[in-house]
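Some structures to go through are shown next.
Here come two complexes built around chain A, the first alongside chain B, the second alongside chain C.
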Partner chain A sequence: MTLTGGPLDPGDLIGLAGRRGPRRSRRRIPPGEALRSTAIALVSTVVVVGALAYAVTSSPNWPDVRDAFFNGVWFGYSWPLLVEAFGTNIALFVIAELLILPLALILAIARGLPGPVFFPVRLLATFYVDFFRAVPGLLIIAILGFGIPALDLPGVPNDEFFWAIIALTLVYSAYVSEVYRAGIESVHWSQEAAARSLGLNRLQAYRFVIIPQAVRRVIPPLLNDFIGLQKDTVLVSSLGVVEIFREASIIKAAKFNFTPYLAVALIFIIITIPLARFTDWLVRRDAARQMSNR
Partner chain B sequence: MTGGGRGQALRIEGLHKSFGDLEVLKGIDLELAEHEVVCLIGSSGSGKSTLLRCINLLEPIDAGRIVVEGDEITAKGVDVNRIRRRIGIVFQAYNLFPHMSVLANVSLAPRKVLGLSRDDAEARATELLDRIGLADKRNDYPDRLSGGQQQRVAIVRALAMQPDLLLLDEITSALDPELVAEVLNLIRELAGNGMTMLIATHEMSFAREIANRICFLDAGRILEIAPPAEMFSAPREERTRQFLQRVIDAGRL
Partner chain C sequence: MRRTLPIAGLVLASLALGACTSGATPSPSSAAPSVAAPPPAPSVAASVAPSATPDACAAANLKLTTAGKLTIGTDNPAFPPYYDAPASPTKPWQLGDPTDGKGFESAFAYALATKLGFDKTAVAWIVVPFDNSFAPGAKKFDLDINQVSYTADRASAVDLSDGYYNLTQSVVALKANGLASVTSIAGMKGFKFGAQVGTTSLDTINNVIAPTAAAKVYTTNDDAIAGLKAKQIDGLVVDLPTAFYVTAVQVDNSAIVGQFAAPTGADAEHFSVVLVKGSPLTSCVNAAIAAMKSDGSLDAITKEWLSDKASAPVLQP
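Then we have the complex of A and B:
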């Protein structure tokens, strides 16, 4: 067994290195050496973290900062309010994600349509992606959220929450469509040839052969964009929608204390990390099922 | 040996195909009778694979006509998907669908293209897999099978569509030597059952044994067509002689 993996490990190409089948240690480490490594890692971590903690807390302003950002009383006060407000963020990113996933897939397929007939479709899809990736998300939210309700068009919703979801969907579907497109292009053309040779039409070849393989490959980057979306739901606070960041700002302004912001950070960490581990597990399970234990 | 009373399975007339400036097929004329097996031989780049891909309409052709069972498949406005149902192709790299079980690989097209129910399609697939001794692997994913097993599944996947014509594109070239025999045995069996086949191959002794006629392709042209006995013992063309000599020198005949 070599110290580094083989240069042609196909797993490396799709970001699954070392995740095929059961995990293997790359080399056998003698027990004495392992103990020594652990001890060194422990000591060096304690030294580094200790030095950082000392540097921060020895600052003359530390007591003020501690009261402003790490205040246990305001943490306990704001926590239930923030958790409740977070329901709005959850609704925002869940509804938006459910719209983004199919819309982005349609955009990705539209950009890949062949032939001169579909030139306008390709052009529109490309323009869409370029536009919504170029303009900052906060601007899209502000333009749609303030602009369209101001028009007061009959039959058009004036609700900020509604326009916030539309804005997030427009922006993120542009990013996600590029992820899908990369996945679709990574499926070897011979797969489409095999599907078409059996008499499947192009749509069927995409639906049953290309897309399922493409989506499996891009689950990690899709999750990456989903986490980005979750965090960007706080931008909606600019429209006056009372979500978690807005709620934290209200508490901060009323109580002259920044602790709610740290509580908000903690809430985002708590939901993001398990999601990332879940995705890792999903990818690993899928790879283990498909690959042999070579 | 074009078989007097038998119907015509395939007729190719004046087929031309270029990739950009590179002309790969420079006017191919070829006929196959029903139940006939024709082997295409020739060096790499002579156009064997391209010819097979053109017949299955995986590559658009530049000029010429291809007629399958009396229907011109290269005519304008034909339904490409209907044509492909009748022509099976097996590739060098198997091209099984890695995200589907063996059973799903074989039953997908019968379900989605022929409109069979899942039960019927899976029964047909299981029966075919049973015939090649792989019924117990039906729930495995392709990557768990050996190359020879994968290639046999790929052949069965094509057979599940009950094609009139089977095209085989160097189907043993990617296999370890000890796995070649199991695949060739299956082809032998198909030939015995009367399947019409056009086979691009480097396996000369197999070609000699199985083919009704051998067709030597050189630089995009069919240089010589003859029954195997004639082709291997008394080739007419100098280029054929050179090619066969190289094959003999390489120990492949």
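Then we have the complex of A and C:
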């Protein structure tokens, strides 16, 4: 602030003189101004939120909408049932994620294999990613979940939960492999060259030099896809699995009330927001580490 | 609530007065600005006439979503035997075509419309997905006829008419499945069952059969059938008329294992017409259904479209 030519604040002088290193000088905010800013922000928030709330609740059909979507009775009725059904979603996304992470890494490496010998591998991996990213997940789930068991092949399981996990794994490994690939390609080629010059073979260079750096860089998008996977577990309801969304549909249809859907939304928010904050924390920690190491 | 009741009474009274005066004025003037289409409001005399008060249920006095038309909704696809499935249904219908007056609910709907004073040309059908029939907000239909079973909880969200069909639930299985030879409900507990979401069939699984494995719940009946074919469930629970269609048309080598003894009296499960909550039409529809019951026409329609098929062994407890 002092650089802009304003009058010098004694606080700035103390700050500059009293601390080591090239710190950015901070202007101390006078208490009156801080109070004023807070007051303005508060009033502004109250006005905006109040206006929105008024616009919604003053509409002539608001009582109907309130009863149909924000019904306390059906919220209380559905909540424990929905929380219990959410266990199925948790099982789905945890098992699927454990399969997706290694499979996607293999796909990403397969797509990056150099040389003409590996052309068919690259071709297959590329086709896999193109196909499973293009087709809606719901269709993959329905085709695998209903189609393959209907073939009645000996030794092939017909359990819908099994096929749901396979379908989610196929779809999401395609997305996640692209995330890995972006990470691998972001590692400068000199890293591999340096590793090879130390006597590591290509596999070792990937294992010890490239992959660790690549994975660290793509943790935020990996968690992004993980959140997507969590939400897409509701698609498994189409196979008849009673998970959270199907439980909500059952209550909705039995009571002619949409409140259970709102409860489902709330449960997903409760699960997702801590994960988002955790990702932010990981990124910050990583940035701090990289700064201190260099 | 206490305060609003007398006011509601006043509103109703003034509505009745309004209906009275508008009934006295010649109807063409009121109908003219809205639609240029040929059939104006049919004659007042045609409808079921309650006594002293001016006829609030007369077709000309009904408040309709489209003036002069009775707009009836059902889901698409509409399934036999409730709706007829012609070789080429008219758009937008994919399977059952409600507009031809064949199939139980289509025949019932046209008979109901006649009782309310609408001839066949004054009936308009629209697609109303199940959820839309009870979602809040303005409705596009006057009546929704879509095999909706009455429950008290549902009746707090929409108006549900008196029943027009008492139904029983039944179990369908592949003939090769062990379930096909079971004759008692007690013998069914070890099998896996599925039903469509939002149906009372699901309640039958949970409350009547109470199997050890949790019920599978499918988005549509067709998905439930896919689950049956994929052997993910042993038994599909559906209402009996649907069971006949499923076993005859949709699933090869399947059979009706049996039907559940129908609860009687007030507990009898019945289909209701769905109307907007507080619709002035509801009492008119109930009066028309009562008239169809007393003159035997509802029985005749039921026999024609459902009863010739509706015999299946009743499951023992």
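The working rule: the second predicted complex is superposed on the first by the 254 of 294 C-alpha atoms of A that agree within 3 Å, B and C clash if a C-alpha of one lies under 4 Å from a C-alpha of the other, contacts with A are read in each partner's own complex, and residues count from 1 in each chain.
The criterion applied here is as follows: contacts are C-beta pairs under 8 Å (C-beta built on N, C-alpha and C of every residue); 3 or more make two chains touch, one makes a residue touch a chain.
Bear in mind the structure is a predicted one, so any value in this text is a computation, not a measurement.
Chemist: In the superposed arrangement, does A:197 touch chain B (first), chain C (second), both or neither?
Modeler: After superposition on chain A, A:197 lies in contact with chain B alone.
Chemist: Touching A:246 in the superposition: chain B (first), chain C (second), both, neither?
Modeler: second
Chemist: Quick one: chain B or chain C, who's touching more of chain A?
Modeler: Ranking chain B and chain C by residues of chain A touched puts C first.
Chemist: Thinking of the overlay built on chain A, is A:150 touched by chain B (first), by chain C (second), by both, or by neither?
Modeler: second
Chemist: Which partner does A:289 contact after superposing on A: first (chain B), second (chain C), both, neither?
Modeler: first
Chemist: For A:279, using the defined touch cut-off, is the partner it touches chain B, chain C, both, or neither? Pick first, second, both or neither.
Modeler: A:279 sits against neither chain B nor chain C.
Chemist: Between chain B and chain C, whom does A:224 touch in the aligned arrangement: first, second, both, or neither?
Modeler: Touch status of A:224: no partner.
Chemist: Looking at the overlay, what does A:254 touch: chain B (first), chain C (second), both, or neither?
Modeler: second
Chemist: So which positions on chain A get touched by both chain B and chain C?
Modeler: The answer is that chain A has no such residue.
Chemist: Going by the contact rule set out above, which residues of chain C touch chain A in the complex?
Modeler: 130-131, 134-137, 151, 153-154, 156-158, 194, 197-199, 202-203, 214-219, 223-224, 226-227, 229-233, 277
Chemist: Give every residue of chain A touching chain C within the complex, in rising order.
Modeler: The contact residues of chain A facing chain C are 61, 64-65, 67-69, 145-147, 149-150, 152, 158-160, 237-242, 246, 249-250, 252-258.
Chemist: So in the complex, the part of chain B that touches chain A is made up of which residues?
Modeler: Touch list, chain B to chain A: 53, 56, 58, 81-82, 84-85, 87-89, 91, 93, 95-99, 108-109, 112-113, 141, 143-144, 157-158, 161.
Chemist: With touch defined as at the start, can you tell me which chain A residues reach chain B in the complex?
Modeler: For this pair, the touching residues of chain A are 190-191, 193-201, 204, 208-209, 212-213, 216, 289-292.
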